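Before we start, here is the structure in question, set down as structure tokens.
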Amino acid sequence: MAKLFFRYSAMNAGKSTALLQIAYNYEEQGQRVALFTAAIDDRTGVGCIASRLGLQRQAHVFDDRTDFYAALAQESGLACVLIDESQFLTVEQARQLHRLANVGNLPVICFGLRSDFQGNAFPGAAQLLTLAEDVEEIKTICACGRKATMNIRLDASGQRVHAGEQVEIGGNNRYLQVCARCFYQGAT
Amino acid sequence: MAKLFFRYSAMNAGKSTALLQIAYNYEEQGQRVALFTAAIDDRTGVGCIASRLGLQRQAHVFDDRTDFYAALAQESGLACVLIDESQFLTVEQARQLHRLANVGNLPVICFGLRSDFQGNAFPGAAQLLTLAEDVEEIKTICACGRKATMNIRLDASGQRVHAGEQVEIGGNNRYLQVCARCFYQGAT
Amino acid sequence: MAKLFFRYSAMNAGKSTALLQIAYNYEEQGQRVALFTAAIDDRTGVGCIASRLGLQRQAHVFDDRTDFYAALAQESGLACVLIDESQFLTVEQARQLHRLANVGNLPVICFGLRSDFQGNAFPGAAQLLTLAEDVEEIKTICACGRKATMNIRLDASGQRVHAGEQVEIGGNNRYLQVCARCFYQGAT
Amino acid sequence: MAKLFFRYSAMNAGKSTALLQIAYNYEEQGQRVALFTAAIDDRTGVGCIASRLGLQRQAHVFDDRTDFYAALAQESGLACVLIDESQFLTVEQARQLHRLANVGNLPVICFGLRSDFQGNAFPGAAQLLTLAEDVEEIKTICACGRKATMNIRLDASGQRVHAGEQVEIGGNNRYLQVCARCFYQGAT
């Protein structure tokens, strides 16, 4: 029986690289995968999963109105569904993916952030954390050397921003991963 | 630097046993711990952490109004804070505990459920999942043999209940841990 | 398909408690389990799995000559095999258990130490670490506050011993769990 | 305090990709890392860490005679040591790296296989599994869909080989990752 997997991390950990590696692993075995990323994340072009290491690949896009049952009904013979930027899923979409894995017997592997620049949960990520049968962290480091688990937002001049909308797509230089101590006490 | 730990599981996995073991481990080293459980959970008496294996121990209680900064300011020389039934924490309390660990340098280990009988997140658990530096599952089994990750509520005659309040304290026989497939498709 | 699980830790972490909890979880579901412990470990009587928390229970014993295929052929309808003190398994026995899980479709959950008082691997534990489909640590603490991963041996007067046989059964007070830094640099 | 990390997997999981990602993460923060790989692994040239995704990078090489204390004494200001093909370390080298992490306070992250084509442990990998403070699996899949944890060796015509030396470097097409059931019962 398949499972719902959630691979979470702070910004700049290598989530997209890990996703592209898994896609490669399946395809090397002659198996088909479906890739999705959030339409809203257009940093490297709509529907492009891009790794800071230079890897990139086109994917289906999802937004709040995507019905994953319908979207995946068109695909046959899938071995796995891989979803990047899954913090932008709705709570209902996270539940759809949980059913697809456990009732539809289709492995679903989601990659995403846990918390926004204020330390609040992304609702879709919180639902994935709540339901996933397999939860793992992709680790990365804070400038201070501790493990980074939080994200801060910077303005154009590199100053930390404490207020604003939860979602504001920006380049890697608009967000910085930090450990919780630097998040609460950092000079930045 | 200390961390916030979240140990989650479905019902009847052994969370309280694991908590009492950790308390024992610290105290065996001559170190002091503070234990908390939810006031609302009075199955074995208010403030009692009880394991199905027969172990039990008194703890401080928390409810929605508990200020953990104030509650712990009274304790000195603590090596660790252990919190049972942490799905009943508020979002704000989960953030307090995250700060206590990362700014106050006091390890906080929370045990709790992830989802309620309808598969919805407990808000406090979702915030712990979002912030904890160390997240681990305590595994248990569904009657079908798969890993149980979900919980169902039963009425007095043992029939599954699909509607009701999120929180309704009952004996072990009011809740049953199941795998996601049985949750969605189970005959119960 | 079943798996071989290895749950490792340093001394005094709560391995036996965790094993007895899992046995309870299965039996509460009306499922049968088989328990084994090492014949050589007679601290609380031969064949007794005892937790420092006060729990205890009789188990089958194994020694170097135990053939697990034969031993388990006599049991029918087992849901799970639980093995305590699994660092005393031979390499061949670890491979038998791996086959029983993966070919015989019988979950096998082993609990044990990784390294002896000199930091050398127990051969059976090394083989379990090499083959197990699911490897997890049961964490405990060093007196210094870090995670304990190593074990030191003490003589009757509480002084650390650096030479001797790999296996020398003694009370809890003959062994102490420590972190790696204390293992290499500790004053004890 | 730093830790020794071991990231293990079967063949073709993406170990080298994961290693190169971590190197990138550190360097993006302006921190220095040292990379090592086994001299014996010359599939893409001596001292080259190459990912099947197309990434590659030069690294220091180690063989049985490498003294990591001496090798790393020449490097100053290192934030992390990354070692690929760490199954080829000697037991003594694994212990050196454990000391470097825990006494020298230098994080060491090793990537490697656990078992050879006969299911036997690589001695260096067994010692890493025995000592590492942080052990995690990089998961990949068997052609049958289960998680692959074992490796089989193929001859030039693609037939499985059951006898031979433990170490025999070959292209990706000389080794195949399989689950334990296929390892024991596979038709290949």
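Per-chain residue numbering starts at 1, and chain names A, B, C and D are given in the order in which the chains are listed.
Just so we're on the same page, a residue touches a chain if its C-beta (ideal position, glycine included) is under 8 Å from a C-beta of that chain, and two chains touch if they have at least 3 such contacts.
Fair warning: this is a prediction, and the values are worked out from it, not measured in the lab.
Taken together, chain A and chain B share no touching chain.
Farthest from chain A in terms of Cα centroid separation is C.
If you average the CA atoms of chain B and of chain C, the two centres end up 27 Å from each other.
One simple way to say how far apart two chains are is to compare their mean CA positions; for chain B and chain D this gives 38 Å.
Annotation for chain A: no residues touch two or more other chains. Every residue of chain B that touches chain C in the complex is listed here, in rising order: 12-14, 17-18, 20-22, 24-26, 28-29, 31, 52-55, 79, 136, 140-141, 143, 145. For chain C in complex with chain D, the residues that touch the partner chain are 1, 4, 95, 98-99, 101-103, 114-115, 119-121, 125-127, 129-131, 133, 135, 137, 146-147, 149, 179-181, 183-185.
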